[in-house]
Amino acid sequence: MDLVPLKLVTIVAESILEKKLVEEIKRLGAKGYTIVPARGEGSRGMRSLDWEGQNIRLETIVPEEVALRILARLQEAYFPHYAVIAYVENVWVVRGEKYI
Amino acid sequence: MDLVPLKLVTIVAESILEKKLVEEIKRLGAKGYTIVPARGEGSRGMRSLDWEGQNIRLETIVPEEVALRILARLQEAYFPHYAVIAYVENVWVVRGEKYI
Amino acid sequence: MDLVPLKLVTIVAESILEKKLVEEIKRLGAKGYTIVPARGEGSRGMRSLDWEGQNIRLETIVPEEVALRILARLQEAYFPHYAVIAYVENVWVVRGEKYI
């Protein structure tokens, strides 16, 4: 079986950002995504515990260059204004062509 | 502390497949699993956005050989017929004997 | 973009433990966490399938030393008494200073 190495990008954000984030990641090259409702606490700048409301946990499997584009876009347009966290992991998938 | 390296297999599929998938992974050697309800978009072959309905995100921690068996079974019996994605990650666990 | 390597610790446990677990991980150094409701099956000692009830899947991004402290605490105070699984993964984050 051919396992293809790709990047899993996970974004946790306020639910109100869902539509915008989905549009962003598609525009930047993501072919699909999975969302689960989530809750939690985090810190944003000096304030902490500032997003105990409803959140989403969005994940998307993408090539490395798309992952970097997504993170750069988050850094530019979201991190300064919203309570958003994002992280990248290494994953291996079957049918790697679906994600490119 | 002994951290044991294992594989985390994540499967995202239509909810209707839950019972079958759980049976498959147990039959192939998984000792446990975690499911969260999910939604999303993906592509299957030429069509895209074809599973906006209710999905599940199922994850199971297994030895590498079980991970490969699960992926092979998905490739053989599920990928051709259903909107399913699956990916593998490296994880480290305490109490590794629980997963073997 | 600076991507900072950190550890993602995921804990799956009975929901009744949520408050205690959140207190523990914060006390041990976690700055934030994400929780999603989950269900599943697992094994605890000789019994299996013993936690089909409501579970939580809690994840937190932390420096390695905090990850090890969390796992050690789970091993000492939770694994002997509760149906809990925990695993660690390598992740890369933007704005690594938020997690330290």
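Chains: A, B and C, in written order; residue numbering restarts at 1 for each.
We adopt the following convention: a residue touches a chain if its C-beta (ideal position, glycine included) is under 8 Å from a C-beta of that chain, and two chains touch if they have at least 3 such contacts.
Which protein is which chain? UniProt says A, B, C = Nitrogen regulatory protein P-II.
Worth saying up front: this structure is predicted, and the values here are computed from it rather than measured.
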Treating touching as the only link between chains, describe the layout with one word: line, ring, star, complete or other. complete
Copy-to-copy rotation for subunit A and subunit B - C-alpha atoms, rounded to a multiple of 5°: 120
CA centroid of subunit B to CA centroid of subunit C, Å: 20
Among all residues of subunit C, which ones touch two or more of the remaining chains? 36, 89-90
What does subunit C use to touch subunit A in their complex? 1, 3, 6, 8, 22, 31-36, 61, 89-95, 98
Please output the residues of subunit A touching subunit C within their complex, sorted ascending. 12, 36-43, 48, 55, 57, 68, 71-72, 74-75, 79, 85-90
